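Reviewing the structure listed below.
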Amino acid sequence: MTNLLEVEGLCVHFAGLDALKDVSLNLAPGQILAVIGPNGAGKTTLFNAISGYVRPSAGQVRLKGHDVAGASPHEIARHGIRRTFQNGGLFPAMTVLENVLTGLHAQTEGSFLDVLLGRRRALESEREMIARARELLSLMQMEKMADMRAADLSGGQQRIVEIIRTVASDPPILLLDEPAVGLSPLARDQMMEIIHRMAGEKGVGILLIEHAVELVMAGADRILVMAAGQRIAEGTPQEIREDRAVLEAYLGHA
Amino acid sequence: MMPTQSQLRLRTVLFWLLPVVLLAVPLLVNPYIQFIINSILIYALITLGFNFVIGNLGQLAFANTAFFGIGAYASAIGATSLGLPWLATIPLAGIAGAIGGFLASGAALRGIRFYYLAIITLAFGELMRWLYVHAKSVTGGTDGLSLPRETFLGYSLTDDRVKFYIFLVITVLLFKATLNLLRSQVGRSIMAVRENEVATASLGIPTSRIIVIGFMWSGFVVGCAGSLFALHTSYVFPESFGMLHLIVSFAMVLVGGLGSVLGAVLGAAALTVLPEYLRSFPGMEELFFGLIVIAVLLVLPQGLASLLRRVSPIFIERYYRE
Amino acid sequence: MFLQLSISGLSQGAIYALVALSLTVVYRSTTIVNFGHGDFVMAGAFVSYVLTVMLGIAFLPAALLSVIALFLLGLCFSRGLIRPIRGGPHIGFALMCIAVGFVMRGIARIVWGREVLPMPSVFDMPPIFIGNLIITGDAVFIIGTTAVLLVIFFAVLALTDIGKMVQAVYQSQRGAQLIGINVDRFNDITWGVGAALGAVGGILIAPVSLLHPDIGASFLLKGFAAMTLGGFGSLHGAVIGALMLGVAEQYAGAYINSALIDITAYLVIVIVLLVRPHGLFGRKAVVKV
């Protein structure tokens, strides 16, 4: 089974700093790989380099075998990778349903002209997408919020909608940047359950940045520890827990 | 807080009923009012096109007047130098406007955004104005171009009532087409770019291309409006497409409601009458429209459309079609 | 001829430098680009015209009064029209600036009518001759005054406490707030300074060009071209870009085609943005999406 995502010797260098230095990782289908480390360790930079928002100065990124280093974010996304953003990436003035529908963009059929003239192909595809979006919303018990403006939702609800939008197109690879931050414990568990279901049932490979170490220990298959742009350690939660260097520097007093 | 099913059906009915009702207008009004109503239709299209870029796409742009002028000149040149019947120049003007939209926004494909892009559109607008004056052989320079008198199916095209029917059809078609666009993946992508371009790209949507598409559609609509304007005044010359037009456009978009299709009609209807009154005194129009923009920004930033939305959910605009 | 053109280029460039610098000052503190700035510059010229020609006040006091008036105008604009709309979309600021510009233009047009007005020359100083070079009194005055103002400006910025505070705000508004700087008041004053500096540009150019209410658009475009060339947001970039633009216009006009003087600014904008968007000294301008 080929890896979904392969990162080799990734380096990002700007403003005289090594934001990322020689980082490598592999992500297999159905695997949850958590990335942890202190602030400024380069975790989000890693995500940005993989998803195309930052150009790597060296190294390779391969999505399902395709070399994508240096491509633009939307091109990389078309290879089947989706991500969330630390500060939330919802579209505030649009409704929840409209937000989720943008996530189904890749699936929607109909050319510009079809849409313009209101041709059947476009209209039918639109109706299909709306039905699918409503289905996804009801899976998360959010169907009642479909017509609410995203900005009017609570922080936790916004995060859930963002996740729904992100997974709407059934992407094989997910990059989740602190998906549980600001959520109530209940919502957090819900979130982790969603993540596990996607990995287990659909074979989605998930790269997860998370600060809540307990969550990571319990939920991840493997953990990658970063600091100062470099990879410090990688292994199963058990191995990481026992790694002295990691323990001392970053896990604090568990 | 969305319209109910029955309200939605009512809305569709009203959308098509309104133009039918309006067909009676020429029988009821005097020529002066007819002329004003024709102006309103043209301005509604201008505002619709402008709103598409600054309201739906959310990009500050100053090229609207340029698209308008390009369309008007394309139509006038088509009717005079190329000897085309005016009606045939409408799509010509639209396409010319769309090309203008591409030129004004092309820099976006290289990653240019926000203020830089706005400045390029400003430069584009000024460049066009310079062209109208200096490309004398084609545009007639400061003297402008005069449209030949024509008939269509036996009706004289200099008759404002005949113009009204044609303008009405074009306006309804372009409004419907714009609504089709907005209530689809195209429209949602455009607004998504406005809301959060970074997140939009992460969904596989080619944001730079979307920006250009937005400008091109705007150029098409406003270009068509330009051709209507050419017939409306029978005479196209550079001064019509100056700075004044810009503040009037901004005012109409804001008064109607930024990003609202309904607002385009409201803003045009509310403000079209004014230029006619104020034209007599130089400076009054600029002063007045400037003050209107300031007032709207301070007091009713979401425009008249927001007032209507508070009255009934039937006026709420949705961006999907079920 | 080359040197002669350079002198006129520097003279024009000096004015552009004031316009571009004042635009940049406001942009750095508030992240707002004042699309009505050209009309503030026009207003400065207009007020000084009214004071000198219509009310007979001597040039220097009139100039001073004009600068003060525009400073207050900028201040009130920030307080009364910018602050209240802070919660809205960013495009609202741009629209407010444009609208105020049009209001000023309308007022000027109502008072001035359709006339294009000459203003009397400031100095009766005889021109300086150096070999083949003629340096007019006006050029000396413009370049000299601008140079002095720029030196004062950059000196204050780099050396005084106030200057350090300004730099702090430029770095981070939030951070500045945290250390106790009243950012609201700072922004108001910044708008005042921006308007005043722009006014100086208008006042300096008034005696050597024909005034009419629409000159603002031209100043705005030149200011943007200078900022784009020098690197949007860079203070010294704005000045250097402006001087280069002034000189480039003169060369293009003389060596290539006189019609080019008008459109050099547009060409500069388009070329710079396509070839090197961050200009000479600016930071990354292009989005990667």
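Order as written gives the chain letters A, B and C; numbering starts at 1 within each chain.
Throughout what follows, a contact is a pair of C-beta atoms (placed from the backbone, for glycine too) under 8 Å apart; a residue touches a chain by one contact, two chains touch by 3 or more.
Source: prediction; values computed, not measured.
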Report task. Grab the C-alpha centre of each chain and report whichever is closest to the global C-alpha centre. Result -> B
Query - Chain whose mean Cα position lies farthest from subunit A - result: C
**Report entry** Gap in Å, rounded to a whole number, between the CA centres of subunit C and subunit B
**Finding:** 33
Query - Centre-to-centre distance between subunit C and subunit A (centres being mean Cα positions), rounded to whole Å - result: 46
Requested in this report: Using mean C-alpha positions as chain centres, tell me how far subunit A is from subunit B in Å, no decimals.
Outcome: 40
Report summary line: Touching two or more other chains in subunit C are residues 288-289
Query - subunit A residues counted as touching two or more neighbouring chains - result: 52-53, 72-74
Requested in this report: Mark out which residues of subunit B touch at least two other chains, giving numbers and ranges.
Outcome: 198, 200-201, 207
Query - List of subunit B residues in touch with subunit A within their complex - result: 1-2, 176-177, 180-181, 184-186, 188-189, 191-192, 194-196, 198-207, 213, 318-322
Query raised in the report: Mind pulling up the subunit A residues that touch subunit B in the complex?
Result: 51-53, 72-74, 77-78, 82-83, 85, 89-95, 97-98, 101-103, 105-106, 108, 110, 112, 115-118, 122-123, 126-127, 129-130, 147-148, 165, 169
Query raised in the report: Residues of subunit C touching subunit B in their complex?
Result: 33, 35, 81, 84-85, 88-89, 91-92, 94-96, 98-103, 105-111, 113-114, 213-214, 217, 220-221, 224, 228, 232, 259, 262-263, 265-266, 269-270, 273-274, 277, 285-289
Query raised in the report: If you look only at subunit B, which of its residues touch subunit C in the complex?
Result: 54, 58, 60, 107, 110-113, 115-116, 118-120, 122-123, 126-127, 130, 134, 197-198, 200-201, 207-208, 243, 246-247, 250, 254, 258, 281-291, 293-294, 297-298, 301
